[in-house]
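Two complexes follow with chain A in common, the first pairing it with chain B and the second with chain C.
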Partner chain A sequence: MTGYFSLLLPELILSTVACVLMLLGCSMKVATRKRVPILALVAMIVVFAIQLGRQQGDNASVHTLTDLSGTLRIFHFAQYIKLLVAGVGIMLLLLAWPTNAEGTGNSAMNVGQETGEFYGLMLLSLCGIFIVAGANDIILLFLGIELASIPTYIMVSISRPNPVAQEAGVKYFFLGAMSAAIMVFGFSYLYGTTGSIKLDQISQLLHPASASESDPAQTAMQPWVLLAVIMLVAGFAFKIAAVPLHVYAGDVYQGAATPVTAFLSFVPKTSGFVALIKILYAVGGSSWALPATLVKLLWVIAVLTMTFGNVLGLLQTNLKRLLAYSSVAHSGYMLTGIATLAGAYLSAGQDRSTVQTDALAGVIFYLTAYGIMNAAAFGVLMLLPARDGRAGTSAETIEDIAGQGRRHVGLGLCMAVACFSLIGIPLTVGFWGKVLLIKPAFSGGNNWLVVIIMINAAISAAYYLRIIATMFLRDPVSDAVEPTNGSRYPLPITAAIGISVFGTLLLGTVLPLTQVFTTGTHIAARIDDGTPSPK
Partner chain B sequence: MRLFLQLTTDSMTVILAQTSTELTTAVLFYLFASMSAAAAVWMVLSRNIVRTAVALLFTLLGVAGLYFLLDAEFLAAVQLVVYAGGTLILIIFGVMLTSKSPYSKFEPKLVEVIVAVSVAAVLFVALLMAINNSMPTFGTDAQPAGARYPVDLLGQALLGDYLVPFELSSVLLLVVMIGAAYLAKGRKHEAPPALTTSELSRQAKRWS
Partner chain C sequence: METLALQHYLAVGAILFGIGLIGFMCRRNLIVMFLCTELMFQGVAINLVAFGHFWGNFSGQAFTIFVLVIAAAEASLALGLVVLLFRQKNTLDADAWRELKG
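Moving on to the complex of A and B:
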């Protein structure tokens, strides 16, 4: 048992600083408003340091954090997710750094007078995932998911003064509200059938400790629980932009300013995956005994998401739209890990728990890899100028980047690294991400899933290589306008690109470092230690 | 003999009283349930927004009545005050302030109707199948019959066991308030009007 203060220290820091930022943002002085992102960065770094301190390897006593009422249960999984989100959050914050003289935005973004609100909302959204990771209570889980999502609806509208961004924000809000309604409907059935709102108690109710571990009958699920889980999966599928709930992704990612698009491609996705894993764990018990219907559903969603994302990505000419569909495809890859995890109880034999741990660790590793490598692609887009030179607009279409790799060699190479990693070519972190997803899929007997992942990686190579080819092989378009305000390579944004590219290459080439992360994700695959929580 | 008679009449009274309570409950249940269901159907079928709002009022009142029958007085009162009172009035204000005519109508396209009906039908069939297979077995937390949910215990629970969700919902409300204020304030469009996303998506429609 631990007090609320030390349990919720990172969340408290983030939400308190967010409130301070909103107050600072009200100031009339430009100098005060320019301090807003600095304070936000300091808060993120402090939270990152706290989380780094809480990663104590295998030592369970440090991780085992529950509160008196059992609302929060924070174990290895939650601690790792918090560290990941804090780390990627620093990069996302650097990408959104205001670099112009008035402190209102950078080459791709213009938040006007709303600086305080923008960064405050960003911190609150990250705080939402922290809550999702630690929640042991379906009310808190729902509130956490919404706290991660609702700020993003507003951030999309604030990020650019264009009607495009306003339209994207409103669209995203209405669809998000609809998905939240379906999700909360599912939660209500889960509560109605089990009579408990605590995830660990739901798990004990559905899978009493006396039951045999490897009994296939364990997977039998009451129709009401199954209905609840399917509704929850539908709600989370919206957050992770899985087919068929991916339709908003193109418009919203394109309409938002590029740093916000980068934010959208990581934050709601992470909250959706974390919540999905926690719910599957709650209804499947510690041995992940899930019914075949649900496994099939997850399998189909995973395959459709990968394939649709990649095929639609092939057809885009707008780069932000292309990266939106690429992000859909990456959700699909991660869903294959979830499908393997869910199917292992029924299909894998003796080594069931190894397959499950590997699959879950694979998903967590891929989430890490995606968070690291994705930032560079968006960062490079931000620094490349748009052809028509509109204020607050950076490169958006494939024409904009034609030949830019020769003009800005460094940026071109960074983009190349990001794209190679997103394809999954060796020597990058993306390669290990795919390997760690494919390995458990094989040993779990999901050979078809492996084949489909491979085909999809090949399809995705076509459009990622097209980006690199356009940047280096085509002639520069003569009317490209260089940004006039501020320096051409502002430090915070180049720092974010640098961290991202360095991380991608280091984790891909330095094997001991990759080993550290794979061990870390295997430890993180422990969601709960099974100690009974107080009633 | 007299004692026996006395006892019989007493027990008869008790039984009669019980039957009448059960009967009243049943009558009230069917009344409230049918009111909610009928008003919900009216709400979906009506095309006039104001009428839809009025239909929603009756649905919410019916649900509040059901809460009263379940001995959840606090929940019922909240339902009346927040939904039937606050939310509904907000909806009507929204309609009055935004639409050009108070008689504005929904004109859904045929495709939209088909999609909506099929989604609702799938959900309905799933619910029917679930009911057909088994009635939900409720957990052990169910209150014994006749027990009340005292409001003071509710307050203690909100600030005790459920402190974190309670505080978090206030943070969430702060976010929502900022968002609403920002959207209501509006912002000058500094850039020349570009293509809107719907135009872009129309262009891209053949692709996606």
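Moving on to the complex of A and C:
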């Protein structure tokens, strides 16, 4: 019994602490409410430590952990995703710390009445991804995705006390509810065509063990299964902000408070990618035998997402909107990894399992790199003051940051590191992320995809460099007001930026470390070892 | 008289889902838009119950209960947001909120 209990230990800690936080938030005393973020941080660090202890290296004796009914299956992939989410979760929590309310513009995080709810919802949302990572059951998978999403709708709405945040919340919620309905329609047909809700059983039913491994006919898919998968991809496309369901990204990212925007750019995206990988693995079998139609669809979505994200990013003057479209573009880069993964069975010939492992490891690496480098960009935005010095605001438009790099040299350099990494310039983790995505695409025969990634990286350089140039080369606007409260840079946010910049540079420059990390993601690319689950 | 087979239920489910989807795209009243997403969820629920009956296991019905739970959670959230909207703008028109664009 303890075995099954420990299987769910991180999820149990997060959801229990979330409930405690919501109760503490009801307290009338500010001193009690001030303990809320501390407790949340402690819970995240404990979960991170547990997950760190559960990473098993390249060890042949490790098998898929499963519970009595086979509802959960946890192997290297799930363990790694949980570690990643816990680690980035700590950074996101530090970004949302209730310090310096004047400078960050986040009243809900300013130890107000909603403090308990805000941090409780944050932990629940992170708990949702944990469940998505471990789920082997489409009911649990759906519930996990919704648990990761529904709290974010509320977080957007309560993050700022002005109508803009509520408008963002309404838009996000309505499109989210529609995409959830599309997704669950896909799940219903996946169940209907196979008669099973367990992902491993679905995989066995669609790919009987008797059939030969390298038979191209393996990729043939009944039209109803294909319909189910396409509906699911459409549902996940909303979570990862892929074209054509990216339309909400600009509005929602702009309207929400900056730490919530940072949260949105990582958490729903991760849940969408993890679910997408798990579903493709289930319908493609362990050799990822996916039909050409689906591969083409993923290819087109990847290319459109990259290009739309980068071109729209060029046109923005609001920095949060710009980072929103940058986040859309980064989803596109990761989708190229998924497209390579899905296409390898048909195109890559003998070495396809290498290509598949490399592509999946590339996606996982890029997800990690994005989580690390993105936090710094949002953190710097939170610490820079707005141009007109309105109380409780932070920098939002490109005019706000003009010349601020000279006034706040440290922050300017941190922003420069984040932007260089987001472009993919060498010596940063973003560079290795792009290399590891391009390499399998190249060996998988997707040369055009490589060319399009390169062109997109060049387009994105234009707007990222514009941020840096505005910060350092333009004269400061004279009416910029310094934050008046005591400490100029609150410690938690500085810590988050520090972790982010340090991680970006360390993983980009210290090659042995990058190597260890790459090996780690290759191990994490093993989703399941095929141990039969109990009947 | 022909008896009801699986495809009849699926047709009803798909029609409900389609009506919901079209309604969501075309209507601009927030409550009607929300009802349309509910319609989509109910279409899926019919699918799931029909499939569960077809395969003779309870997974479909169990899934239906969870789909209803999610729909209920979203209903409470939607009504909260709609009340918020109405207090500020005195209208339920989705187009009334257009401060964010670009």
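Basically, the second predicted complex is superposed on the first by the 513 of 535 C-alpha atoms of A that agree within 3 Å, B and C clash if a C-alpha of one lies under 4 Å from a C-alpha of the other, contacts with A are read in each partner's own complex, and residues count from 1 in each chain.
As a convention for this text, a residue touches a chain if its C-beta (ideal position, glycine included) is under 8 Å from a C-beta of that chain, and two chains touch if they have at least 3 such contacts.
Since the model is a prediction, treat every value here as computed from it, not as a measurement.
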Problem set entry | Chain touching more of chain A, residue-wise (chain B, chain C) | B
Exercise. Is A:Phe174 touching the first partner chain B, the second partner chain C, both, or neither of them?
Worked result: second
For this session: Tell me which partner A:Pro161 touches in the superposition: chain B (first), chain C (second), both or neither.
Result: first
Exercise. Where does A:Leu341 make contact in the superposed view: on chain B (first), on chain C (second), on both, or on neither?
Worked result: neither
For this session: Please indicate which partner A:Ala376 is in contact with in the superposed arrangement: first for chain B, second for chain C, both, or neither.
Result: neither
Exercise. So, A:Ser69: does it touch chain B (first), chain C (second), both, or neither?
Worked result: first
Exercise. In the superposed arrangement, which partner chain does A:Ile129 touch: chain B (first), chain C (second), both, or neither?
Worked result: neither
Exercise. Of the two partner chains, chain B (first) and chain C (second), which one does A:Leu92 touch, if any: first, second, both, or neither?
Worked result: neither
For this session: May I ask you to decide whether A:Leu205 touches chain B, chain C, both, or neither, giving the answer as first, second, both or neither?
Result: first
For this session: Pick one for A:Ile139: touches chain B only (first), chain C only (second), both, or neither.
Result: both
Problem set entry | Common interface residues of chain A - those touching chain B in one complex and chain C in the other | 139, 143, 146, 150, 153-154, 157, 163-164, 167-168, 171, 189, 192, 195-196, 250-251, 254-255, 315-316, 318, 321
Exercise. Where on chain A does chain B make contact in their complex?
Worked result: 4, 8, 15, 19, 22, 67-69, 71-72, 110, 112, 114, 117, 120-121, 124, 127, 131, 137, 139-140, 143-144, 146-147, 150-151, 153-154, 157-158, 160-164, 167-168, 171, 189, 192-196, 205, 222-224, 226-227, 230, 247, 250-251, 254-255, 312, 315-316, 318, 321, 390-393
Problem set entry | In the complex with chain A, residue positions of chain B that touch it | 126-127, 129-130, 133-134, 136-142, 160-165, 168-169, 171-172, 174-176, 178-179, 182-183, 187-198, 200-201, 204, 207-208
For this session: Flag every residue of chain A that touches chain C in the complex, lowest number first.
Result: 138-139, 142-143, 146, 150, 153-154, 157, 163-164, 166-171, 173-174, 177-178, 180-182, 184-185, 187-189, 191-192, 195-197, 250-251, 254-255, 315-318, 321
For this session: Going by the contact rule at the top, pick out the chain C residues touching chain A in the complex.
Result: 10, 13, 17, 20-21, 24, 30, 33-34, 37, 40-41, 43-44, 47-48, 50-51, 54-55, 57, 59-60, 62-63, 66-67, 70, 73-74, 77-78, 81, 84-85, 88, 94, 97-102
